[in-house]
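The data blocks that follow each hold one structure.
Look for chain A in each of the two complexes below; its partner is chain B in the first and chain C in the second.
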Partner chain A sequence: MNKLSNAIKYVVLSIAAFVSIFPFLWMIMGTTNETRDIVSGKIKIGGKFLINMKTLFENDLDFPKALVNSAVIAVLTTVFALLLSSMAGYGFEIFKSKGRERIFNVMLLSMMVPFAAMMIPLYRMFTKLNQIQIGSVKLSTYFGINSLFVVIVPSVATAFLIFLFRQNIKAFPKDLVEAARIDGLGEWEIFARIYMPTAKNTYAAAAIITFMSSWNNYLWPLVALQSPEKRTVPLILSAMGASYTPDYGMMMCGIVIATLPIALIFFILQKQFVAGMMGSVKG
Partner chain B sequence: MRKTKKRVWIGTGNDFITLPLILITILVFVPMIMALITAFQSGPPLNMKFNGFGNFARMLTDSTFKKAFGNTFLYLIVQVPIMLFLALVFSSMLNDTKLKFRGFFRTALFLPCITSLVSYSLIMKTLFADAGLINQILGTQIHWLTDPVFAKILIIIAITWRWTGYNMIFYIAGMQNISPDIYEAADIDGATKTQQLFKITIPNLKPIILFTTITSTIGTLQLFDEVKNITNGGPANSTITLSHYIYNLSFNFGKPNFGYAAAVSFVIVICIVVLSLIQNKVVGNE
Partner chain C sequence: MKKRLLGLLLAVMVVFTFSFTACGGSDKSSDSDSDSKDSGKKTVNVWAWDETFNIKAVEEAKKVYSSDDYDVKVVTMSQDDIVQKLNTSLASGSTDGLPEIVLIEDYRIQGYLTSYPDAFADLSSIVDEDAFSPYKFAVNKVDDKIYGVPFDSGVTGFFYRTDYLGDAGYDDAALQDITWDEFLEIGKAVKEKTGHALFSLNPSDLGLVRAIMQSAGTWYNAEDGETITIDNNPALAYGINIYAQFLKDGIVEQVADWDGGVNAVQSGSVAGSPQGCWYSSTITGADDQSGKWRIAPLPKIANDAKATHSSSIGGAGWYVIKGLPGEENAIDFLDNTFASSTDLMATLATEIGLVSTMKAAADTAPYQEANEFYSGQKVLEDFSKLSTGVPEVNYGQNTYVIESVMAEYVQQIIDGKDVDKVLKEAQKQVEAQVAN
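Moving on to the complex of A and B:
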């Protein structure tokens, strides 16, 4: 009986593992095939890889530009989000006061707001910026709809990350802060030189979630970035999939390239990756 | 002297939190209030006028809204339980330290989480094409992308593929906190593995199961990327979700209807607030 249930376990897990992994093999295989073979479900390694890659990079959709846009957005979002959220998490936990505790609880409510509800007002807010002109400088070039700024700024301060940092600061020995104060260090110095180096794992986990959600973000860029040269990778991929005569071989190349950075982070930093994904239940 | 010094550093706490709070206020709370105001207005974007509960009344007779609402809840009621049940089964299988290839199975099952929602949606779209691989394996000729019923099933299959491993890691983490002695004692008493799952594992994981239920529910209420990229809401809106409908109302048709779209978005807000209150109440009691 036990042997049988053990065998069932291995069979079930093997099937589940196969189903989970197969789409990855399929997309890698797809990079070597043409559309006809992909939609007719052929399992084979074709010889179209170089042609598909060439089409991807020389297509009018301008995939290289989208890669640059996505990278700039994801890196800037991650840097600012980590800085601002660790500051706030630290501020709330190290400098506890009744008032700030109340503000913290109100801030947590912002996690409940679905993006679908914020999308329209945000769009209208940033459209207003488009109309402002200072001298000969149009604000829209840098801050309005169609600027990379518009995609970065809503993701740099999130209650979720502040909460994540605060949870992790709870385990940080507060005596260190006291000792540093007696040594005459300023509050910002204590934050930067005492706290930050001890929180590497938290920063890593937070960086992974932020980078990943920014790199993969779709709905807000779809609304906010309408001019072709500002499009990000998910927008280009989505456009490829929705085209009337899709080139799926090329699209698979794009998908593999889009997945690669996240896959690398996952395999190199697996522990922090999982910790980041689970962030909200820690502590 | 000491007291004034203390007051000085307590005050600096505000330096750390002010900028992030200003950003959250401008980018979340202000838009939220604006959305609420907009929900009671109608007309073209540059000349919106208050129309009371007109937008909310319109929902009652809007067949696309009813479809979007119905679909969203269908995905919720069917997909979330299937996914969480699978996640529980896999995690309890993986919770066995004697299991061979345990690390491999865990990594493999978690792997779908590294894909972007757009990417995996497009992969699914190619696999489920009319002459595609899935139909060949099953020996069927199902129109997964264009049949109103099968398109819904496809969306459910896709989301389950992407998110089961994600929920599984929460359960694995929770199970590590259950003492192995309990299972040993159950083994000695002759309890089967299935009995152990229902009598020991599930009761002990109750808070985590609740947590995953709420997060999956909130996620499903906001479902957009998959539907947009796999079926684009079709055929004839038979897979459309609330978020997708809001997007269509605001940005996809010739005339944007921000007022009505904002009103629809408040249906999601209300659902999420109610669910979060339930979660707080239940978790608070634990």
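Moving on to the complex of A and C:
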């Protein structure tokens, strides 16, 4: 009986595994084939891998530059988002103030507004920012639409991350903070030297989530980044698919390369990620 | 040990941040470079899709004409991305970062011209209406002002395999001047005798219905671009009936998406494809099938006085965004290239197989050439003739909105419901949708 239920379990799991792995397999096989074979659904390892890679990197769309742009945006977003959100989450839990629960709830509500609804106001705001001039310095030179800054800033403070950190801090022993205060540590030092080292798992989880969403972000960079040399990987991939006869072999190469950083980061931080998510839920 | 690692990580991040600001700095200087390099040479930016077609066309145009005052820079983007960016920028009332010249599909342009009347420059002074296929001006004009330079034709034809149709007993003459009903019979015979489907259809893509409708000069909306004319539209009803009949009789191969259709052609499973002329590059992509293809005009609607063999799917035009510093230069560039140069049209005919909507293009040498792939047929000339006869139709502001609603109702007709009843219902549904 036990054997039978085990067998069923494995069959179901195998099917599920196949369904989730197959697209990746397809993608990787695609890198070695030319468009015609991909479109006709042949599953085989072809000999076109190097040719596809060559067309990808020698393409006018400048794929390497897009990789650099994406990396800069994703890394900076992750660093700033982690710093800011953890501070905010810490502040919400450790320091008591009157309206804090209310503010926190309003902030959570903001999670429910879809981005598409905020896009046009956000765009207007940044273009208005373009026109501001302080002395002889135009703001647009540093912060205007079309700078990487515009893509980074809106995703630096997210309600979800603040929520994640706050939940995690709930499980953090407050006595430690008290003890540190008595020992004469300043509030900044407590945060940096007592809290941060204990929250590595939460940071790892938050890093994966932020990096992934920033790396894959499509709509806002599409709208905000105007000049072609600032475009990110998803935008380039979308432009490649725009032909009446797209080169799928080349695109598959691009997609595989675009998937690698996320896969890599996930495998490196996998253990911490799971622990981080668990920690927050338990709290 | 761990602390040291953390410190190292932080240091790396700091370095990264600094190098980013530095690189941002160099970016900025290169930006202002493009504005001011070579003593004030300006840039005219162009947005378009498809590197192998539209982008190449602009690159060729740059070879035909270059000015000392400005450089032309092309940016490749998908059509959806261009639409998204235009929508956001125009809706927020900002022209920051928009290009001087943008390629817009015929189906979409009326929506832009009516929603944002001040966003596009009047090009009446550089576009001669008599010089292009008349149907292009049904969409790029508002109040007698011309806003676009007509570019590629979407003129339709039936691409077919001479070997498959030959096996079923049909030659080129048998496909000339026929009705869709006769075409249906041909499809049955081909399926019976050769086992091949006549062509492939994706039941959620109504391109064929659109083409049949336009061939008789009607559309989902009336000439004002707003009044919905789905009910009491004989050409539409006829088109949907034929469309459904093809699927019901199993004459066509059902595919799930665009690539399915491409595969059906390239793998040799179907005998043909009714499409816009731009589909030619996909057909010729299967180079092992050279000499086995020809192109016939589309069949026409039976019992309709206005019915023709000419129609259009797709096609686009060049538009200039108003109020940008480079507006004058952009108009100058279009004036000397796409709006007037027959040499450019001749080059594009050989380079990318463009069927131009410029009438004079038909007199250039490449249009007279026999095409080896299409069994020696003078493909460009034939398409060009058909293009001038495409009935003028105002695509209105809502073609894609209407189509997304229609797909569902067409499914009901395929399932066997009464056409007139379903279209009546569709009319109501679309009116409600568009009113929002």
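Just so it is clear, the second predicted complex is superposed on the first by the 250 of 283 C-alpha atoms of A that agree within 3 Å, B and C clash if a C-alpha of one lies under 4 Å from a C-alpha of the other, contacts with A are read in each partner's own complex, and residues count from 1 in each chain.
Here is the rule we go by: a residue touches a chain if its C-beta (ideal position, glycine included) is under 8 Å from a C-beta of that chain, and two chains touch if they have at least 3 such contacts.
Note that this is a predicted model, so its numbers are computed, not measured.
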item	value
Fit or clash between chain C and chain B when superposed on chain A	clash
Which superposed partner A:Val75 touches (first chain B, second chain C, both, neither)	second
Comparison of chain B and chain C by chain A residues contacted	B
Contacts of A:Arg124 with chain B and chain C, given as first, second, both or neither	both
Touched partner set for A:Leu148, first chain B, second chain C, both or neither	second
Which of chain B and chain C A:Gly46 touches, first, second, both or neither	neither
Partner chain(s) touched by A:Thr245 [first = chain B, second = chain C, both, neither]	second
Chain B versus chain C as contact partner of A:Leu61, first or second or both or neither	second
First, second, both or neither for A:Ala258, with chain B first and chain C second	first
Which of chain B and chain C A:Ser227 touches, first, second, both or neither	second
Chain B clash site on chain C (candidates 20-28, 128-136, 164-172 or 254-262)	254-262
Chain A residues contacted in one complex by chain B, in the other by chain C	39-41, 119-121, 123-124, 219, 222-223, 238, 241-242
Residue numbers on chain B that touch chain A, as the complex places them	9-10, 12-17, 19-21, 23-24, 27-32, 34-35, 38, 45, 86, 89-90, 93-94, 96, 99-100, 104-105, 107-127, 129-137, 161, 165-166, 169-170, 173, 192-193, 208, 211, 215, 218, 221-222, 224-225, 228-229, 232, 242-243, 246-247, 250-251, 258, 261-262, 265-266, 268-269, 272-273, 276
In the complex with chain B, residue positions of chain A that touch it	5, 9-10, 12-13, 16-17, 19-21, 23-24, 26-27, 30, 38-41, 43, 84-85, 87-88, 90-92, 94-95, 97, 100, 103, 107, 110, 112-125, 153-154, 156-159, 162, 181, 187-188, 191, 212, 215-216, 218-219, 222-223, 234, 237-238, 240-242, 248, 251-252, 255, 258-259, 262-263, 266, 270, 274, 277-278, 280-281
Residues on chain A engaged by chain C in the complex (per definition of touch)	36, 39-41, 60-61, 72, 75-76, 79, 119-121, 123-124, 127, 130, 141, 144-148, 197, 219, 222-223, 226-230, 235, 238-239, 241-245
Chain C - residues contacting chain A, complex	6, 13, 16-17, 20, 23-24, 27-28, 31, 49-53, 55, 75-81, 84-85, 88-89, 91-94, 96-98, 259, 262-263, 266-267, 278-279, 281-282, 285-286
